[in-house]
C-alpha cells in the first residue's frame, strides 16, 4: 500500500518540477529575449465581435507592425464596461504602461469625468495630420471641448444598428419592409397569424444592448431618453408594450451577439443589430440573398438613428506616448479607414477615406449611409451606465414582466425620480436640476 | 513546551484566515455604510431595495437554495440507497456518480446552457422527438430558477450521495436484521432505522451545502445572467457598473452575509447543537 | 428477483442522468456545428464527427495563456495550502480537543463567507498593493477555499498517528527535524498528497475570485465564460472539454484517498 502512496507522491513532485520548468522557460522567453530587442509592446483594448477582431488582428494590425518594426501591438478584446473598469484599475494602480483604448462612445463619459484620460490637445495636430473628420463626428469633438475644455478622445469609427429580415417569409406573405411603426406592428401580426411564429427579435437581455436599443426607440418617438417620462418616452414604451406581443420568446437572451435565429428560422425580423453580422452570416454559409437589411421603420416623431462606434483614448499616466500616437495616426489614416469600410463595413470617420470607393459597396454599407443621414449620439455623461441600469429595470417591469398598461407612465415617473435622486446623492444639486430640465440628451451633429 | 510549539504551528493559518477572510468582510460591511462625502449613510441600502429590487433577488436566492437542497437530497438518498446494495456494475455506477464532481462548474454551466434553451436546445430535442413539444425553459422567473436548480443539483448530488452513503454503511447490519425479524418491511426499516441514524450526516451536509447554495455564482451568471437576479449576481452586476464606488455592491454583500448567518443560526437551533 | 429488476432500472436511470451532460459536451465538441449550434433542435447523435472544432479553437495563445495561468495558480494554491495546513493540522492534533474544536469551527466558518463578498474588498485592496491581475494574488485568495478542508484532513491524518511513535522517536534521540522527516511526514504522506490534490482541483475549478481578481487575462474558467458570453461559442466548448480532462483523471486517482478515513478522522479527533 505504501509503495503506491510513495509512487503517487513521487509522481506529484515530478509534475510540480515539470510545471516549474515550463513556467520558468516561458518567463525567461518573455522577460529576457523579447525585451532585449527593445521592442515596445503597445496594448490596444477594443470591444469587437469575434469576426471583427479576427479581421483586425490578421489584416490591420500586421500592417502597422510592418511599418513600425520596433513596435508590437497586443490586442485585447473586452466588453466596453470592462474596458472602463480596466482603465480605472490601471490608473489607480499607478502602473499603466503603453496603453491605448478603442472605447465605445457610450461609456467614454465615465472615464472622461473621472479624470482617467490623458489630455490629447498637445498631440492633436500630429494625430489628425491626415484626417478630416466627417461632419457628424464633429458633434462629439465639440462636446468634449465645451464640457471638458480639451480633447481627450478622438472618434475612430461609426457603427449603426440596422433592421434585418427574412426575405423569403416576407415575399411569401406579400409584405414589404415596414416603413413606420404602425406597419411594423401590422406586419408582425400578419406573420404571427399566418405562420404561428412570433417574428421579432429584440435585444432584451439587459445591459448595454437593451438600453442602447431603447434609447433609439425613445428618440424616434420624440422623447429625451434620459428623462424616462416625457411624452415621447411614454409613447415609445406603450408602443413596445404592444409590439412585445410579437417578440420571439428568445428575446430575453437577445444581445449584440444574437443573429443565428435569423438564419435558422427561429425568428424573422431582427430588430436592430449591428452590421458586423452580415459577414458572419455570410461566412457561415447563409444565403445572403434571402436576408434583407435596411435602416428600419421611422418613428412617429422622426427617423433619427443612433450612432455607436468607438473612440480612441489614452489612459492618464500611459508611457511611450510617441508609439501610441503613431498607432493612433495609423488607425485614423485614410488607408486604414478605407479598409474599415471595405473589410468591416464600418463607416469611417476620416472623410479622405471615402474617395474612390469600389462600386460594389455592400448593401449593408448603403443601409448604414442612409441611416447616417439623420444621426445622433448618446451624450457621454458619466452616469450613463446608471441610467442604463434603471432603464433595464423599467424594461423588465413593463415589457418582460408585462405590468398593466395603465401603469406605464407611473413606472417611468418613478424611474425619473430614481435617476434624479442618484444624481443628487452622487453628484450635486446643480447636475440633478439640469438633468430634470432635460439639458442632457441626444447629441446631434 | 509542547503546547507552545503547537500554537506557533497553528498561527500562520490563523493569521492568514484573519487577514484574508475576516478583515475583508469587516471592510465590506464598513464600506457599505460609508458616505462618499464622509460620514455614515443608509443610502446604499435604500437604493438596493428600491431601485435594484434586492427583495426579489433575496426571494430568488431562497427559492434556488431550498429547491436545490431538496432535489439534491432526494436524488442523493435514492442513489445512496441503490449503492448500498451489492450488484453487478456497482463499481461502475459509483464511478459514474462521481463524474459531476470532476466537471468544473463553468463547464457544467456552459453545457446546461446548450441543454436548456428558450426554443431548441438538447432538452427540447428529446422532448420534441418523444412528445413533439418544446418548452421555453426561461419563460418566466420560476422556470429560469428551475434550470439553475437542476443544473446545480446535477453538479452537487454526488457529494451528498457520498456523505449519505458513508453514513448508511456505518449503520450496523444487526439493526436491520433485528427489525426484519420483528416483521418490519423495507419501507419501515428505512424510516425507522436508516433515516434516524443518518441525522448527523444530513445535518452536516445541510449546513455545508446550504451555505454553498446561497453562494452560487458562476452557474447562474452563465445560465441566466441577471434575469432573474440572485443576490450574488446582483452584487456582481452592481460592482461592475458602479466601480470604483463599491458601496452599493457591498451593501448587497452585507445583506448576503446577514442571510447566511440567519440560515446557519436556524439550522443550528433546529439540530440542537 | 422483482427487487433486483427495480434496482437495475434505478441504476440505469441514475447512470443516464449523471452521464447525459457529459455526453452533450462531447457532442458539442466533436459534432459538426451544423448539427449543434446552427440547428434549432440539435442532434442527439454524433452525426458528423470532426476534430475541426478543437483544432481551430486550441491554436495559439488564446488557449495556452489561460491554460498556463490555471496551471500556475493551481500549483501555487496547492503549495501555499499545504504550507499552511500541514503545520496547522499537526498543531491542532496535538492540543486538547476543547481548544482545537473552536479553531476548526473558525476555519469552517471562513468557508461559509461568500467569495463575492470577500472578493470585492480584496480586489480593491489588491489594486493598491499591486497584487491585482497577478497569479500570486489570486493564489493567495483562492487558498481561502482550500485551507479549511486541507487543515481538517491534516488534523485527521496526524491524529491517526499515535503520539507514542513520536515519543518513541524522541526517546531514541531524534531531534525535531529527524522526527519530522523519518516518522511524521512519511506516515502523513497520503493526507498531504490528498490535501495538495484537492486544493489543486478546487483552484483549477475556481471562478469567483478569478473573475474578481484577474478579470482580463485570466484562468481557464473565466476565459471560458468570456468566450461564451462574447460569441466565441466553439472556443468556449473546446476549452471546456480540454479543461475537464485533467480533473477527471485526478478525481479518479483521488477516489482512492477519499474513503471515509480522512474525513471521519477530524470528527473523531
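As written, the chain order gives the labels A, B and C, with residue 1 at the start of each chain.
What we mean here is this: contacts are C-beta pairs under 8 Å (C-beta built on N, C-alpha and C of every residue); 3 or more make two chains touch, one makes a residue touch a chain.
Quantities reported herein were computed from a predicted structural model and do not represent experimental measurements.
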item: Among all chain pairs, the one with the most C-beta contacts; value: B-C
item: Far-end chain from chain B, centres as C-alpha averages; value: A
item: Between chain A and chain C, centroid-to-centroid distance (C-alpha), Å; value: 37
item: Between chain B and chain C, centroid-to-centroid distance (C-alpha), Å; value: 17
item: Contacts with two or more other chains, residues of chain B listed in rising order; value: 119-120, 244
item: Of all residues in chain C, the ones touching two or more other chains; value: 37, 39-40
item: Multi-partner residues of chain A (each touching 2 or more other chains); value: 82, 85, 92, 266
item: Chain C-facing residues of chain B, complex; value: 2-3, 5-10, 12-14, 16-17, 20-25, 27-28, 31, 75, 78-79, 82, 85, 87, 89, 92-93, 95-108, 110-115, 119-122, 124-126, 128-129, 134, 154, 158, 162, 166, 211, 214-215, 217-218, 221-222, 232, 235-236, 239, 244, 246, 249-250, 253-254, 256-257, 260, 264
item: Chain B residues touching chain A - in the complex, by the definition given at the top; value: 36, 43, 47, 50-53, 117-120, 136, 138-139, 225-227, 240-245
item: Residue numbers on chain A that touch chain C, as the complex places them; value: 2, 5-6, 8-9, 12, 16, 19, 22-23, 26, 49-50, 76-79, 82, 85-86, 89, 92-93, 95, 257, 260, 263-266, 284
item: Chain A-touching residues of chain C, taken from the complex the two chains share; value: 37-40, 68, 71-72, 75, 79, 127-128, 130, 132, 186, 189-190, 192-193, 196-197, 215-217, 230-232, 253
item: Chain B-facing residues of chain C, complex; value: 4, 7-8, 10-11, 14-15, 17-19, 21-22, 24-25, 27-28, 36-37, 39-44, 83-85, 87-88, 90-92, 94-95, 103, 106-107, 110-122, 124-125, 140-141, 143-144, 147, 151, 204-205, 207-208, 211-212, 220-221, 224-225, 228-229, 236-237, 240-241, 243-244, 247-248, 250-252, 255, 258, 260, 263-264
